Every structure is written in C-alpha cells, then in structure tokens.
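Chain lettering (A, B, C and D) follows the sequence in which the chains are written, and residue indices restart at 1 in each chain.
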Amino acid sequence: MKLLSGELLESRQLLPGQWLQRFHAPWLAGGAQAGQFVHVRTPDYSGLVLRRPFSINTFDRRSGEASIHFRVTGKGTEWLARMRPGDQIEMLGPLGRGFEVDPKSRHVLLVAGGLGMAGVRALADEALADNRQVVLLFGASTAREVYPSSLLPAEVEYVVATDDGSFGHSGRVTDLVGRYEAWADQCFACGPEPMLAAMARLAATRHQRLGVARLAGRGRGRQSPRGSSVARRRAWLQVSMEQNMGCAVGACLGCVIMGTDGPQRVCREGPVFASEEIEWDARW
Amino acid sequence: MGRALVTLDLSVDLGRGLILDNPILVASGTFGYGVEYGEVVDVQRIGAICCKGTTLKPRAGNPPPRVTETPAGMLNSIGLQNPGVKGVLERYAPHWAGWQVPVVVNVAGESVDDYVEVARRLEGQPGIAGIELNISCPNVGKGGLQFALDPDGAGAVTAAVRAATDLPLMVKLSPAAPDVRTIARAIADAGADALSATNTLSGMAIDRRRDRPLLGNTYGGLSGPALKPVALRVVYEVAQAVRIPIVGIGGVGSLDDVLDFMAAGAVAVQVGTAVFADPTLPVRLIDELAAHCRAEGLQTHRQLVGCALPARRERPSTKGVEYLP
Amino acid sequence: MGRALVTLDLSVDLGRGLILDNPILVASGTFGYGVEYGEVVDVQRIGAICCKGTTLKPRAGNPPPRVTETPAGMLNSIGLQNPGVKGVLERYAPHWAGWQVPVVVNVAGESVDDYVEVARRLEGQPGIAGIELNISCPNVGKGGLQFALDPDGAGAVTAAVRAATDLPLMVKLSPAAPDVRTIARAIADAGADALSATNTLSGMAIDRRRDRPLLGNTYGGLSGPALKPVALRVVYEVAQAVRIPIVGIGGVGSLDDVLDFMAAGAVAVQVGTAVFADPTLPVRLIDELAAHCRAEGLQTHRQLVGCALPARRERPSTKGVEYLP
Amino acid sequence: MKLLSGELLESRQLLPGQWLQRFHAPWLAGGAQAGQFVHVRTPDYSGLVLRRPFSINTFDRRSGEASIHFRVTGKGTEWLARMRPGDQIEMLGPLGRGFEVDPKSRHVLLVAGGLGMAGVRALADEALADNRQVVLLFGASTAREVYPSSLLPAEVEYVVATDDGSFGHSGRVTDLVGRYEAWADQCFACGPEPMLAAMARLAATRHQRLGVARLAGRGRGRQSPRGSSVARRRAWLQVSMEQNMGCAVGACLGCVIMGTDGPQRVCREGPVFASEEIEWDARW
C-alpha cells in the first residue's frame, strides 16, 4: 500500500460508457496481485471528497504499467473519463487481499458479470502465466456490452451469455457454470451481488451434485481459520465483493458487510472472500 | 529568524496533563485505531489520535451501505461498530502504550452507566491518553444524541464520567443543539477539561433506484467541507461561552480551514473526512501551520486563537434597522 | 406515447385552491419579486414564485457583506430587507395580478401579532396566491427561529395566521429542529395547508484577514447543495408524520435532486441557491421532469412521491446488533 | 442582460497573479457600457456554487470582443486562470449601471487602485472616442504591480503612484488628485473601499478648496432624484463599488450597501454610484 501518482498513458472507450485506462505506475504494477484494487483521487472536481475504488484490471511488472476498466456511473468516473494522457492521477494502492490460487489448481474457472470483468481480468493473465487452464464465463445484458475477446489472451476459453440472447448463450452467466463445475479446481467470480449470491448457492450445493467427498478438505480447513489464505485457497469459490468505501485501508468501517464470523471489511479482509465467509442473507 | 525557528511552540494543553506536541488531531472514526494508516502516514507526528467510538459491549454496527458521498461531504452510518472496551484494551492499547502520539479514546453509550463503566475500565490503563465523550452520535437508535441536545443530560453524563475517572476528559458537541452555548456551559461546569466541536449533522441520501434510502440505516451523519460553516459557528459561539479549550472539527481540509477554526476560538483541530482523500494531510498541516506561524513571526499558534471573536472588535448589530423607504 | 404526451399531469395541489401547473417553484429570497430575472428567464412557466420575506414594517436588513460562498453552498445574512407589506402590495402585487405564475408571499415576523397583521393585509389582495410562513429565518436577532424549534410556538403562530386568513397557507420548517416531526404535526394540526422544508442552517465564515467574521452580521444561513442531505432527511421524516403536501427545498440543482426529494415524500420542490449560477434551471427542470415522467410511462409525477418511504418497503433496523467477536 | 457563452480567445498573465482574458462575446461587447460588469460561471469546480463578478475591462463592438482583467485570489479566479483559448465560458451580462459621462465634460479624470484599473479601463477608451482628454491616476503597492502603459491608449496621460515609491510618485494615488481636481470636469474612481472613501472626502470638500460656486448645480440636482442618470452626471465624482454577490440581477439583496437614501444594490443601482449616494460611514 502506497500513495502514488500514476501517469495516464492511454484512455479509450472500450464499450459504450466504459473506459480502459493504462497508467505508468511502477510501484503499483510491481506490488499488485490479481483481485486487489486502487483508490483513485478526484481532486477539486465538483465538491467530491471521497476517492473511488477500482479493481486493478491488468498489471505488468516489467513495463511498470497497470490498467483500470470502469463504467461512467457518476461524477467521479465522469471526471476520470475526462483525463488525458500525460495527466497525473493520485492513487492509493495496491489495496485489499487478492485471489488465492491453490498451487495445485490446474483448471481455473473465472465468472464475470459486466464490469466484474475488471475484477478477474488480471487473474486470467496470472493463471496462464502459471500454466493453468482458464475458462472465462462472461455475462452482459446485450451484445453491445460484451467485452471484446480481442482483449483477452488467446489461451483463455471465453464463453459469453447475454440476457437478451443477442450474443452467445441466452440467459444468465450463472447458467453456464454447471458445464464447468466438475472441471474446475477453483472458481473466481466478480460481478453484481445477486450474481455472486447465485454463485455461492451453486458452490454450496456443488459437492452434492458432483458427489465429491469433501470431508478431507473440511478436516484440513478446521486447522486454518476461516478467512486465512489457506482456507480461502481450499474454498472452491472465491468472490470479489463491492461496497461503498471511505478510507479503503480498514480505518473507517464504511465498507463492512456481514460475514459468517461477524462484520468484515471489504477493503481489508476482502475484496476477495471465500464464498463461505459471506453471510449472504445477512440480518443485522 | 533562526531563533524563531527554534522557539516556535505548537503545543496544546487540553487539561489534566494532556499536552499535545501540536494542534492537529485526527477525528474519531476516520483514523480507526491509528494502526491502519501506518504504511502511508507518519502517524507518530500527529498531535493526537481520537480512536473509533468505543462502547461497553462489542457492536456489529449498521447494515451496509454505510457511507456515501454528498456535495462537498459524506454521510456515514457506521453505527458504532467496535470490539467493545475490553477488545480495544486488549487489541490496541498495548500498541498505543509504546507510541509517541497520544491516543484519546472516543467513548459512546446509550446510558450514563454505559459511559461511566467504559471510563472506569479505561482509567489507569497504559496507552490511554484521555477520553473524548461522544454524546452526539446521530447514528444509533437510542442513546448518544439525547445527551448532546439537552444541557441537563450533557451536564449529568459529564459529571458522572468526571467522577469516575481522572483521565483528561474532552466532550464532543453536536452541531444540532438549538442553543449549543447552554450545553457547552453545562459540560464545562460539570468538570470537562476540553470540548470538541463538532460531530456530524443528521442527513440522508436516496438510493439511485429511488425505492429506498441509500444507507442501510436510512440516516447518516454529514461530515466534510459541507459541515464546516456550521461547525465554525458552533466553535465561535462556544468560545464565548466557556473558558476550557476547544478543539474544532468539521471539514478541515487545508491550512485556511485550520486558521479559520483557530480565529473562531479553537486551540486545535481534528481532521476527519479529509483524511480519506489525502491521508498525509494531517502531518502536512502541522508543517504548514508551523511555516505560517514563522512567516507571521509568532512564538506560538496560540496567538491566533480567538482573533475573530467579538471581544477583540466592535460587535455588529445583529438585526437590521427599520427604515422608511 | 402520443397519448402520454397529451395527458401528462404535473400539477400540484397545495391546498385551499392553490393549484400549480408544475412542481418546480423558486425559493424565497433567491428570486426577489419575480421581476428581476425577467430578461433572462421565462418566469411565467415556473410553478410558483415565493417572494422575498415580507414583514409588517420595512426593514433595511443587515450590514454587508451579506453573502459568501462555502464548500458546495453559501451563507446569506440579508436580514429580511424588504419594503414592508404595504410596499410589497403597492410595488409588486399589481404586476403579479396580471401574471400566470402564482406568487406566494413569504411572511416573516418577530411576534405572532406581526405574522397575523401581515397575513391580514395580504388577504383578498389581487396578485397574492398564498402565504409561506417563514418561521425559521436564522438571520434576525429576535423572532423567526424560536417559532420553528418549538412545537407549541409553531402551532400557535400557524393557528393565529390560519384564523386571520383564508389564503392558502404553507409553513416553512427549519432544519435545526431537534425533532422536526413534532413541529410538523403541530403545524398541520393548526390548519396549515402545506409545509415547505427546509430553510437554511445557521453557519458562519471568517474574514480572510481572520480578525473578524466575514459576514457583517456574523452568522448567516447555509444553503445550496451542502444542505441537501439534511433537508432531504427532514422531508423524509416529516412525510411520515403529516398528511399535508410537502415542498422540498435545499440544494436542488438537477433533475436527480428533484427526484430524490420526491422519493423522500415531497410533491414539489423549490430551487434557491442554484438559480444564482443558472437562472434558467427552474424552467429546464420542468421540462426534464416531464421528459423523465414520459420515459417512465407515468401519468403524473405524483406517482414518484414517497417511493423511498418505509411504508413501501421493509424497514431496516435502526441500530447495530451486538456481537461477540 | 443576457445569458451567453463567451469563447476565450486569449489568456495571459499580465502582472504577477493577474490575468487578462479576451473573449469573443458579440452580445456582451455590443451592449456593454464602461463601468458595467459580467457574472462568470465556474461550473463543476471544487463545489463552487456562485458566479464571479468582473468588470468589463474592454469591449469592441466591431470585433465582438470583450476582456476581463482579474487577480487570482481564490478558487473561482484560480479556475478561470486555468481556462484555455477555445474554452467556452458562461457569462451573464452586461450587468449594472455604468459610468455616466456628461456630454459637456471635456476633461475626464480616472483614478484606479490596483485591480480597480479594470473598472475604469473601458471608460478611457470611451472618453477618448468621444474626444475628451483623459488623465488616469493609478496606484499600486510596488513597481511590479504597475499596469503597463503599453496597454493604454497613447492619448491617455498616465500618472502612477506606488506605496513604496519604487515607481512614480511615492505614496497614495489619492495624493495625486489635488493636481487635477480643478482641471477635471468629472472624476471616476475604482479601487479598494478605503481609496474610494478618501476620494469621496476629497470630492466633498473640492468646491471649498476651489472656491467653485455649486449653487447652480445644486438647484438643478434637486429636480433629478438622487441616483438618476442626470444626477450622477452632475456629480463630480462617480465611484465603482464592490460587494459580494449572489444573483447580480437585483433579486437576492446580497450585494447591498448603505446609501444616503437607504440600502442600495451594488449589482443594480451600481456598481457605479455618485459619491454622494454612498453612506461612507454607514451605521446599520
């Protein structure tokens, strides 16, 4: 975690209202792990007082470059989309805990809904670099919202679902998971909360459907406390959560969601959690 | 000049032995327990840290979302999530005991007994530099705020805590009090060592789909620059009502803000919301204040305190005269 | 679609025959007497104009400076400068009588008798569409605000004015009331036709040289976007307490703001501070609201009113539960 | 008065922290009178909600150009100084009442303190165009704050005073007035309020010093009410006042100062007033 200033190298509209921005930010690129995020400052614009969190979409340690991919949804992202190459953007990062990949996992399933792509995008690169097979399931509302396959490494198997059936599978991206749940050693999801909750339900019943004995795993899990890296690595599903943030470093308790072990800070214990750590139907 | 550099005194005496190196504090709830920002901030340089509100028992806080942005401000409804006084003493006080920066524990409760009991448990514990009594938190169903809006309630809780502890005691005012001077007087009379002003104002935001309030708890406390004119007014009013030191809080984000609060009568300030955008701001403000004092040839920033108060100038009439057009 | 275009109904019934063409009003004190902006604004399209606060006798107002900017807001301390009710009736009512846009006279005073006498003189005068009772002005020494912070005072002044006039009567709330619902109920029970919420919050600013308050009158009323979260909270609370229509005021500067106030329970809004930056905003908001309603397939904007109120959804718990960590 | 958008043509730092901006704004240039002002919008910057008033420094009806000259003193002017040629700036203007020059005045004395130059600058052009003789007295704190004579028409007699004596007369600009008070048919002043108050004192005692009988003038003055164009034209001194503003069109009473006939709106009855209209030691 560091306060740094990234020079905007390239800013382009990737999809309608969605921007991809590439920064020169060696410290960020050097320290980042897939699943972590940065907190971006929007200075002196329109009375904004909070930073904005974005997933580290890609990073390249050698070139010292990192990128974010965001949708313009309000004043903060509107400001960011107006920045031009050469502008310096203040960032705080890398923040939070990233995805925990078990060294033994050969088959990695990524599931992204909409902008959730930015949450798992770097993991695709990382998993391929570690010689894992990657299937990426992507859901969008309609064809024009579909993330272009040209921006993905060729080795990724990319499967798309659209709500209106205008591209790929007609229906929800979670409909596609069944085909890969046996194949996948681990699954990593990012997207709207209802999608993640659906994924969590799938994951919770997966061993029943597959008839996989999970006793061994459970036994080992008991030794590593819930939320530890080891426990997360052993969970079949990890999800990247979103919540409004103040500090992004764990100080303000603004981003807290309810976990099975009590309140959890998305910025510190997350944004990535094992699905079992989340109280999906929390009653406060 | 060389001599001025050596002798500049930014220290602040908040009473009962709580002497700060400098007048820039960080506000409760925005700086956690002082450990979270350690990687990016030189925490030990800060005047004092007011830690997150601490209650007798642990609290899970409010449902999310808990924060959102508003024009030049933000709303929060954390709901006083904290591990309880026992948890705070176990987890954080040992760290604080080794720190140079004093940590003031912000204490919240729903009854006088709650406050007293927390104070009693903090008494004599290593690492605890003082207590800030949060009688003004608008984000809990019962409790807090009622003490802050009524002089008798404010006086009673202050007196009870005062009787229970010898720790330096600062009481935090709400900007929502109809006449904050009567509250401040009651608190001073009950034996508080200092006042901090202010906490947040109750506000709300609507969800983007407009089918519900945005915050999980409906209401939240408004903080940030938007609050500053109100907080400044409270400090200015209170400074004319009591003689104990006042710590200004509300939208501090620049040296100008610090100087404004000092001119209005605050001997120190707390930085809250602004830390989120700029974590290094508090430390920078210390340096900027020192530079300002040197440039003005001051021996101490305390020469700036209260400069805009009416004692020092002619008081304007408070209402328009009538005229015949 | 074609039919929707014809039948969209943006009218607002504020009681006692005061029916507005649309729910976008301009706020008292920011639009003068409706004549000043004539060259740049299509004034007749506005839902209604609330004119500058009117008192029994002429008032010269407060010494300058009277306005300043604050983060996402401004402070004003006009001090109710106005030519008195006689002057208003002589100079402006004759114009208003020929206008399409209704003009609501904002009435201020220092005693119940003042309010009653002004109301009596307005009664039956051509050009006066209604009264907005300003019981919440923070910028005069005595008077106004005391009525707004106390249910009995608010009820008494409302009842007295109600007895004196058959004009449509809207009462304007202060955001500073400790429990604004009790005030609102007292006002509704006393026979008001509508409520407007809110007036400004008392704040201050320091002069650049820091040797005095910036405003000639020391204190000023905070308005603009900074106030919005507080005003929205007041509307939301009051909407659950009374059944008379509520007009939302506080930082309205965009269609989103209008929709937020409506979701919180306001049937109409007033635009104040935002007019200074963008005088054509009120008229544009009418068009934007109409377009929004058409896009959403609504017959009237009134379908949007109160959508975020708890009656329509599950109520969240208001305080955090306790947990053992 | 009109809401208009002016295209910034040129922006340059004239003096330390002082900017001269030239706009293409035909409606403004076409309708302006010397002494009037524009209300400039600063959109979406840092939570600013009020427009900023600036004197119309120069205007040229033929080219449709107008300029403002301002000092960066806070966020609004800081924003404005960052604007670049091609940017559109929203303006409301021309506003207020300008200087009233008596058609019979042959000798015109202008007195400017600091940025007050912007208040009288256009009047120099106008008076010369009407074949009047113009003396311009200018006061600044020090040499580097002195307005360059190269920006003034050659026909203007330009006399400078600096507080520290680093350029021209050493002392206050008002010290220079005595030399010209007999010569001048009318005098027009713009600058800090203490300077204007000093000017008003000079004006009030001028006829005593000069032994000029003012009975005739006074007799005529009675027929034209104070504040009327005619009465102003007959006043020896007109001053351009400043006050914080909300609306700038007379609606909010934010800019009111005390006049000898009661409260006066700087934006509507002013910014130019005859010095007799102002209650210089107002007690409210």
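Definition applied: a contact is a pair of C-beta atoms (placed from the backbone, for glycine too) under 8 Å apart; a residue touches a chain by one contact, two chains touch by 3 or more.
Since this is a predicted model, take the numbers as computed values, not measurements.
Student: Using C-alpha centres only, name the chain that sits farthest from chain A.
Tutor: D
Student: I'd like to verify one number: the distance from the centre of chain A to the centre of chain D, where each centre is the average of its C-alpha atoms, in whole angstrom.
Tutor: Centres of chain A and chain D (C-alpha means) sit 60 Å apart.
Student: Using mean CA coordinates as chain centres, what's the gap between chain A and chain C in Å?
Tutor: 46
Student: Where the CA atoms of chain A average out and where those of chain B average out, how many Å apart are those spots?
Tutor: 37
Student: Can you list the residues of chain A that touch 2 or more other chains?
Tutor: Residues 46-47, 262-263, 284.
Student: Identify all positions of chain C at which a residue touches two or more other chains, and write them in rising order.
Tutor: 60-63, 71-73, 81, 216, 224-226, 316-317, 320-321, 323, 325
Student: Once you draw an edge for every pair of touching chains, what topology comes out, line, ring, star, complete or other?
Tutor: Graph shape, chains as nodes and touching pairs as edges: complete.
Student: In their complex, what parts of chain C are in touch with chain D?
Tutor: Checking each residue of chain C against chain D gives 29-33, 36-37, 39-40, 52, 60-69, 71-74, 76, 78, 81, 216, 224-226, 273-280.
Student: Considering the complex alone, what residue numbers of chain D touch chain A?
Tutor: That would be residues 44-47 of chain D.
Student: Going by the contact rule at the top, pick out the chain A residues touching chain B in the complex.
Tutor: 1-3, 41, 43, 46-51, 76, 92, 243-258, 262-263, 268, 282, 284
Student: Help me check something: in the complex, which residues belonging to chain B touch chain C?
Tutor: 57-63, 70-73, 75, 79-81, 83-84, 87, 140-142, 149, 176-178, 201-207, 210-213, 216-220, 222, 224-230, 232-233, 236, 251, 259-260, 262-264, 304, 307-308, 310, 312-313, 316-325
Student: Which residues, counting only chain C, touch chain A once they are in their complex?
Tutor: Checking each residue of chain C against chain A gives 71-72, 225, 316-317, 320-321, 323, 325.
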